[in-house]
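We call the chains A, B and C, going by the order they appear; numbering starts again at 1 in every chain.
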Amino acid sequence: MGLTLDEIAARFGGRLVGDARVLIRQVGTLERAGEGEIAFLANSRYRGQLAGTRASAVIVGAEFEAQTNLPRIVSDDPYLCFARVAQLLNPSPVAQPGIAPGASVSPGARVDASARIEAGVTVEDGAAIGAGCWIGAGCFIGSGVSIGSHCRLYPSVVVYSGCRIGERAIIHSGAVIGADGFGFARDGERWLKIPQVGSVVIGDDVEVGANTTIDRGTIEDTVIEDGVKLDNQIQIGHNCRVGANTAMAGCAGLAGSVRIGRRCTIGAGSIVLGHLSVCDDAHVSADTVVSRPIRRPGRYTGMYPFDDHESWTRNAALARHLAELAERVRKLERQLMQVEDPKRG
Amino acid sequence: MGLTLDEIAARFGGRLVGDARVLIRQVGTLERAGEGEIAFLANSRYRGQLAGTRASAVIVGAEFEAQTNLPRIVSDDPYLCFARVAQLLNPSPVAQPGIAPGASVSPGARVDASARIEAGVTVEDGAAIGAGCWIGAGCFIGSGVSIGSHCRLYPSVVVYSGCRIGERAIIHSGAVIGADGFGFARDGERWLKIPQVGSVVIGDDVEVGANTTIDRGTIEDTVIEDGVKLDNQIQIGHNCRVGANTAMAGCAGLAGSVRIGRRCTIGAGSIVLGHLSVCDDAHVSADTVVSRPIRRPGRYTGMYPFDDHESWTRNAALARHLAELAERVRKLERQLMQVEDPKRG
Amino acid sequence: MGLTLDEIAARFGGRLVGDARVLIRQVGTLERAGEGEIAFLANSRYRGQLAGTRASAVIVGAEFEAQTNLPRIVSDDPYLCFARVAQLLNPSPVAQPGIAPGASVSPGARVDASARIEAGVTVEDGAAIGAGCWIGAGCFIGSGVSIGSHCRLYPSVVVYSGCRIGERAIIHSGAVIGADGFGFARDGERWLKIPQVGSVVIGDDVEVGANTTIDRGTIEDTVIEDGVKLDNQIQIGHNCRVGANTAMAGCAGLAGSVRIGRRCTIGAGSIVLGHLSVCDDAHVSADTVVSRPIRRPGRYTGMYPFDDHESWTRNAALARHLAELAERVRKLERQLMQVEDPKRG
């Protein structure tokens, strides 16, 4: 099995340089690839590894084309080209249709005959599971849930009642879709729970990472649009809407009623505070708290810089007294103005 | 089914204005509510939606009473009033008593006859599950655990051995109660594990969000008092105590041996460092690191402000040199003093 | 059952002062220990509790030796001594070998006869589970996974196909080992998934906290070396390597392709950004974003200081205008230089 380099180039449109007949069976890294493997250079941080690689071929941008003698595909977007080659050489496994012994499927659920339901799965009444779905061991599919065709739920995913998932979703283990949003009204000293009667609606081609949680809406639905990619341990609060093809990195969080535009990226550990909107094509860096709406595309950042502990101690102490420092500067400006021109004093 | 507006007002004490006989069947948002639905205005951010709403009635504060002609309930606390109406119209479902096939219940466990145990649940020896409890599919209830009456555990909750949960708890999927605290002593280059022999004790009327973790105590218990509400993905370290009616938002964390007072709110993504105490009625904003004890009620904040990336780059670079800047200001002050009064130099 | 104080001292090497025959059955805290319990003083924060303790004996450092009349072990490292005593008095439970009814073990899996597999566990084809392992209810062990001897997986752990775990691992509930790394290439407006064909390799004596996630590598493996201790809700991205005996506190995260050295500590809620390296013996404080490589051992910090909300508001506003403030200081310096020496202007 495998493909020759010219077959790869023909299929994915890069320019081939060198031996067209090299057989490629797998992808590899510049550092460790060997015989039969194709590596790629997409992050210039790793360009020093190009000279020494033992890969049989490489995918590079034009700027690195001359820096290797290996058979190569020169691509406008080496990372995308690599992704396509990797997908071709590593097709997703397809499950054997059927319901495993030890699954609990309600007679009132509709499971497509081509779907696979593993042991320990519960599918409740009124749920519908589409063609080619693969529901991993121990998943819970609540009453009335609908899951489109060709979805893969890895083991131990929980989908609460009434949620709707589109086609080709990939949902990793421990994800919880549709738990109650965090809604309470103060009632004297205590909190009164607000029933969360909305649901979660997930579009097509969405991936949800391990242990990510997406809460159901209070009244209307929490919505994840087509093509959204969510990393692990993300928290999406109730009533949020995440626009198509937005990607969020690990441990990011959206408070309630947040709207994120299309094609955004939200960095690891970032938080968007409640009821705020972020426009299309906004890119939020890691560990940034979005505390005001974002209305223009662009990159936004709010990481506090780290330092060796002693330097941090000195500087952070002053961060709590910036207003005083600014006042001292203002006073100096006034005094100096008077020194320069005593009549204005 | 449903209630007339005067029935709602009579039950919950608001002042009725307009047609008392309107029939209300469900709650809705100002933006999308329709025939038979009651909406509310509690956050002035949404007041612009009041004029255009198609709801059959609204709940408003006195300040907005005159801005609509719809039948309305005028309430001192529209959000609380809405919560009560929403609860009344959306009662919690009650499970059918019994132990589903495919559950593993130890003969040494006591399960009340009115409780429901779903498929794939394990209940170990010595555990006790109270009246009206509903234990979702795939939950694990360890040996000696006690769960009070009318608790709901959604699917895939894990409760380690010996933990005790009060009445009317709601625990969402993926929550882990009673895993070992993170306790190790350095032993040369290695870490020696400290057995975590305490437990977790949870009071009455507590809600625990999806994928939240509450570690057992090292020697004594980790304690969550009555009425505490925990959102998703919260981490509570060993030996903590969270005071009654405190609410913590998503992704917040308490390191070990932290004490949080009563009626506090802890914002999303905030962290309280180890061994610190936070007094009653303290309110910690989102993404704040509590690095000193909090001894007075009030609001506390430590979010680093975000900005467009270029502005952030300029300013954050200086945040690492604040001490130098302050020193330059001090020097200017000394020099200027000398310029103004050369005799003092 | 129990040990006398001189047996404890003999075994663990502290210096015994006072009655050697006191019988110790359990460990306790200074505040609450009673008859038959030994307490310890390792954190000077709690020294005020030494005088009033009702423990039968205490473990203290030499600096506190004279502050109590109780029978005591004087130790160079009271916390380590306490850990050893606690381990001795609280041995880990050992499971009864066998495969519980309701577990699904593939005929192509190898499970050591001394291992325990609880109800609801799935063990897929080609997986190997070593001697003395205890696999909790509802765990999923994917195809080809290998787990060394004497590991304990608490209920609801998921180990994806092909991952390898060493000996004596402790993995807490909800941990997900080997989910896909977050790898996508932009393809116009959409994201193209990059197959994650690497795996996760975990060394010996590793502990993994509840709901922690460790992603599989893109091409090569994500590696957790021997003796690493990971707290709850940690996220380890694809292709990371965590060096031996490093400890990471709760909610910390490593983006992709990060390398952490040996014997490091990473504080709660900290993040290391992608492709960065942290050298051996580096200690990162809580809530710090490591945005540059760390090349020298030491302590590093980047917490933004919190304050009462009003003070924070004043100071944080200026944090966004530091560059202007610095420019005003520069201007003052120039003006003052001219005032002092007009010829240089």
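Note that contacts are C-beta pairs under 8 Å (C-beta built on N, C-alpha and C of every residue); 3 or more make two chains touch, one makes a residue touch a chain.
Remember, it's a predicted structure, so these values are computed and weren't measured experimentally.
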Touch-based graph of the chains, sorted into line, ring, star, complete or other: complete
Chain copies touching (chain A, chain C) - same or different residues, decided at half shared: different
Rounded Å distance between chain A and chain C, as computed from the means of their C-alpha atoms: 25
Contacts with 2+ other chains: residues of chain C: 102, 120, 138, 156, 174, 211, 233, 251, 269, 303-305, 307, 319, 322, 325, 329, 332, 336, 339
Of chain A, residues touching chain B in the complex: 102, 104, 120, 122, 138, 140, 156, 158, 160, 174, 176, 179-180, 182-187, 189-195, 197, 211, 213, 215, 219-220, 233, 235, 237, 251, 253, 255, 269, 271, 273, 275, 284-285, 288-292, 298-305, 307, 311, 314-315, 318-319, 322, 325, 328-329, 332, 335-336, 339
Interfacial residue positions of chain C with respect to chain B in the complex: 26-29, 32, 43, 45, 77, 79-80, 82-84, 86-87, 90, 92, 100-102, 118-120, 136-138, 154-156, 170, 172-174, 205, 207, 209-211, 227, 229, 231-233, 244-245, 247, 249-251, 262-263, 268-269, 286-287, 303-309, 312-313, 316-317, 319-323, 325-326, 329, 332-333, 336, 339-340
